[in-house]
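The structures considered in this document are given below.
Shared between the two complexes below is chain A, which has chain B as its partner in the first and chain C in the second.
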Partner chain A sequence: MYWEFSRKSFQRSAAYRFDVWTRIAGNIMFLFMWGFIWYALYYGKETVGGVSFQAMLGYIMISQALQGIHGAGAQLWEIQERVRTGDIAMEMLRPYDYTTRMLFSDLGSIFFYFITAVLPLYTVLFLVLKPSVSLTLAQMGLFIVSAVLGFLIRFCIEMTFGLFTFWLIETGGVEDVFYFSISLFSGSLVPLWFFPGWLEQVAHYLPFQAIFFVPNSIFVGQLKGPDIFNALLGQAIWLLLCFVILRLVWHRASMKIVIQGG
Partner chain B sequence: MVSIMRGIGLYSYMVGASIRAQLQYRYAFVMNILGWAMTYAGTAVTMWVLLYSFGALDGWIFWELIFLFALAVLSWGVCMIFFFHFRSLDQYIVNGTFDRFLVRPIHPFFHFMAMKFDVGAFGQFLFSIAAVGLAYSNLHLHWTWQWLVFLGAVIGGALIQGGLLVAISSVAFWTTRSERLYWVIMWPLKSLMNYPLSIYPRLVQLLVVFILPFAFVNYLPALILLGKTGRVFAPFWGALSPLVGAIFFALCFRFWMLGLDRYKSAGS
Partner chain C sequence: MSLIEVNHLYKEFQVAKRQAGLWGALRSLLRREYLTKTAVRDVSFAVNQGEMVGYVGPNGAGKSTTIKMLTGILVPTSGEIRVNNLIPYKERQKNARQIGVVFGQRTQLWWDLPTIESFELLKQVFQIPDHRYKQNMATFADILGLDEFLNTPVRQLSLGQRMRADIAASLLHDPLILFLDEPTIGLDVLAKERMRQFITEINRERGVTVILTTHDMSDIEKLCRRMILIDNGQVMYDGELVLIKDLFGKERVLIVDLEGETDSFSVAGAQLVKEEGNRKWLRFNRELTTASQLINRISEKYEIKDLTIKDTEIEEMIRHIYEKGLAVYEMNSCRIENNKF
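So, the complex of A and B:
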């Protein structure tokens, strides 16, 4: 039944194609910005901390591609808006689980965005810019598993943050904590291996690094051998934990709405 | 003269109403300001992490980079106070509520501009003034006449960014949609300018100097103010910010008026 939501949101994305183009245009512009920043940082240096510029280029390209894919789903502010306006009450009246429905809707719009924008454009970019990536078939498979786990973790965390709106009238602070963590601690812009030691430790104990840093590192071959499996295990544990927290918060939130509606 | 005085009086009155409205929700008011300040502090932390292993970005050390960033945030704060709500002009057009700005005995541009005085911009001031202060002392700067350049950069920067907001909003007069353009043109451009212009290809440099003059918002003034030498542009260019800002804003304003003449109400 939930696949129907995916199909509908796929069709909706197809109807609003202009949105897709503007979004990918922004995404590519940020890719170029970060490309030039890293190029300037690396200027005159072969490798920094054992990482070459070509590997770093691969890192930011895959990071930007993944961020594009993540961004095609419902955003934090949309979830907040739905809670704030009370639209969510209508959703709860219907015979399905709200968070699962959101996940499947996201899958639909993401799939459209992926096949029409991210996949063709980034294939060309990878062929033209030729960053160094380690692409054995096995590693590619592990990367995909890791990226999917990362996506689900991000979904659970974003949804949980969105549901906090049930308790808060003004969500400004919560939002900023979320966006800051997701941009810095996830390693989406700067990989964790360039962090100062203590900050890297902090980041390793947070769930955000499981979203972008782990799949990106597998993709460029910075994570190898048994380390990959440890990282995947870590992701699986984070996913389980984030999922449990999401369900708990959702449960409490639905109780809350019953009280307010009574 | 009388009409200008009347305009200023009206503007202050409407701004007063707008501030009072925003002060009704104390918690939201404070969180809004703190939220903006925290967002910028977050970007500053990212810059610090970025430079931790590398030391400098094209010759710009951490505090110079922070100064460059904070200068842009400061003038963006000034710009936000006056022009930020132009971003959502298209919603007024789509809903047909824009018409009310046309039937009142005030200039529609002025009326729309006075509609909101965004106090969230104090978050920008909180961050940027603290950051400029810290950079000033950490870089051991001693400005005299440079304060004039600094002031000029803030005014010019606010006009340049405000001008682009106004120009983007006027697209809605033709297409009824413009907010997307903000996210495609202005947001990436603003992010681009947080880093030294010299790292980008020549084409981008020419674009932000001669067409959408964002180089005059922070990069060119920062060259003078930090006593750096640009490889391509002479530092004195940075002193021209207010002039460039005035010309660019005037052009954008003309474009807005052109759009207004074409405007046909979408309301039924």
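So, the complex of A and C:
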């Protein structure tokens, strides 16, 4: 039954093609921005901290690709809006679980975006820019597993943050905290290995690094051998934890619904 | 065993109290004070299978809040609700399968999908068997004229179309109970009439139990035999609509337009309820005074230019109940829940 939501959301994405193009344009602009920033930082140096520019390029490219995919799902502000307008309450009149159905809807739009935009675009980019990526098939498989885990973790966290709207009237602060944490601690922009020691320590104890940093690192070969399995285990634990928290928050939130009108 | 049972239901909301001034604003950062607003207080009633009940009250009376608790969206503060033996908020999903809900003020269809796809999605969501879905769609398309906009996205529908789509959507899965919250709000006369006919038919042909909230009395007059009147979160009256009409049915209002000086107008046997210059509204009991007696008495002293006689409207009756309290009407079979108003 939930797959029907994926299908519908896939169709809906297809209906808004312009949206796909603008997303792609934005995504590429950021890719080039970060590309040039790293290019400038690497200027005149072969490696920084033992990482070559080509590897770094691979890192930001896969990071942008993943971010593009994540961005095709429902955004934090959309969830907040649904809570605020009471649309979420209307969905509680249905015989399904709201968060599960949101996940499946996201899968639909993401799948559309992935096959029509991200996959072809980044295939070309990788062929043209030739970052140093030497993946074995097994590593590729592990990367995919890790990317999926990262996606699910991000989904749980974003949903949880969105549901905080049930308790708060003004949610700008929540949004700021979320976006700050996800840009800094997830390693989406700057890999954690460039962090000063103490900050890296902090980041390692937060769930955000499990979203982008782990799959990215596997992709560029910074994580190898048994380290990969440790990282995957870490992701699985974070996912479990975030999922439990999401369920708890959802349970509390659904007991607390207040809708306008007598 | 009734289909719907509500016992001593309460719902309280916490409303944050705003503090005045800058100091108050700063203080509320640290500690916020709350006011408790009771939207529903000690409401009890029972509804049997196949009944069509009007749940009436002025704006903010607690109608929608009650409906939302019956549908499982809101959690009661205290009291008990059973809908076909389920506790709605505890078994939301199960409850959702046996009820259909239409909120006049918001749609439950998916905004950016063509209407037909919303229906198809509901078919999957409720796992409606193919043949049943087709049957229902054919019936609803026929009565509600859905065909003209099935391929239009919901956001582009007119209010009347949207309401028709919404009510069809709420009945696709053959619910036992249909909750309608202000189903005719904002509709024009024709659309209202169409909606009412459809609701009557659904109730009669399919035996769907209907609970209808509205503040449009003509909805209730046309649709329901039983009325639950609620104000300030409390049940004021629960009983046959006919009874309340009978009670007030003896009363008529005579409206006269007079000539000349009418400042100290009064007439025996009638009560002056309203006046606008030379137009007077006179309420009288037709068992005690006839209209012609009254007109005779008036024309002895004044020149009558024009006159009309009206039944008391239900809205007027409700105002009476508010004014006089209910103890007087504690008679016959009507169950009065609360008479200490």
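Operating definition for what follows: the second predicted complex is superposed on the first by the 257 of 262 C-alpha atoms of A that agree within 3 Å, B and C clash if a C-alpha of one lies under 4 Å from a C-alpha of the other, contacts with A are read in each partner's own complex, and residues count from 1 in each chain.
We adopt the following convention: a contact is a pair of C-beta atoms (placed from the backbone, for glycine too) under 8 Å apart; a residue touches a chain by one contact, two chains touch by 3 or more.
Worth saying up front: this structure is predicted, and the values here are computed from it rather than measured.
**Student:** When the two structures are superposed on chain A, do chain B and chain C clash or fit side by side?
**Tutor:** fit
**Student:** Just to be sure I read the superposition right, which of the two partners does A:G86 touch: chain B = first, chain C = second, or both, or neither?
**Tutor:** A:G86 sits against chain C, while chain B stays out of touch.
**Student:** So, does A:F114 touch the first partner chain B, the second partner chain C, both, or neither?
**Tutor:** Touch partners of A:F114: none, neither chain B nor chain C.
**Student:** Please indicate which partner A:E4 is in contact with in the superposed arrangement: first for chain B, second for chain C, both, or neither.
**Tutor:** second
**Student:** Figure out whether A:F126 sits in contact with chain B (first) or chain C (second), or with both, or with neither.
**Tutor:** Neither partner.
**Student:** May I ask you to decide whether A:Y96 touches chain B, chain C, both, or neither, giving the answer as first, second, both or neither?
**Tutor:** After superposition on chain A, A:Y96 lies in contact with chain C alone.
**Student:** Regarding the shared-chain residue A:R12, is it in contact with chain B (first), chain C (second), both, or neither?
**Tutor:** second
**Student:** Could you give the angle made at the Cα centre of chain A by the lines to the Cα centres of chain B and chain C, to the nearest 10°?
**Tutor:** Once the structures are overlaid on A, chain A sees chain B and chain C at 80 degrees.
**Student:** Can A:W250 be said to touch chain B (first), chain C (second), both, or neither?
**Tutor:** Neither partner.
**Student:** Between chain B and chain C, pick out the one touching the greater number of residues of chain A.
**Tutor:** Greater contact footprint in residues on chain A: B.
**Student:** Nearest approach of chain B to chain C by C-alpha atoms in the superposition, in Å, rounded to an integer.
**Tutor:** After superposing on chain A, chain B and chain C come no closer than 7 Å at C-alpha.
**Student:** Going by the contact rule at the top, pick out the chain B residues touching chain A in the complex.
**Tutor:** 25, 27-28, 31-32, 34-35, 38-39, 42, 45-46, 49-50, 52-54, 57-58, 180-181, 183-184, 187-188, 191-192, 195-196, 198-201
**Student:** What does chain A use to touch chain C in their complex?
**Tutor:** Interface residues on the chain A side: 1, 4-5, 8, 11-12, 15, 86-87, 89-90, 92-97, 254-259, 261-262.
**Student:** Would you tell me which residues of chain C are touching chain A in their complex?
**Tutor:** 13, 39, 59-65, 68, 71-75, 89, 92-94, 96-97, 99, 101, 103, 105-106, 108, 110, 112-113, 117, 121, 124-127
**Student:** Chain B touches which residues of chain A in the complex?
**Tutor:** 18-19, 22, 25-26, 29-30, 33, 36-37, 39-41, 43, 48-49, 169-170, 172-173, 175-176, 179-180, 183-184, 189-190, 194-196, 199
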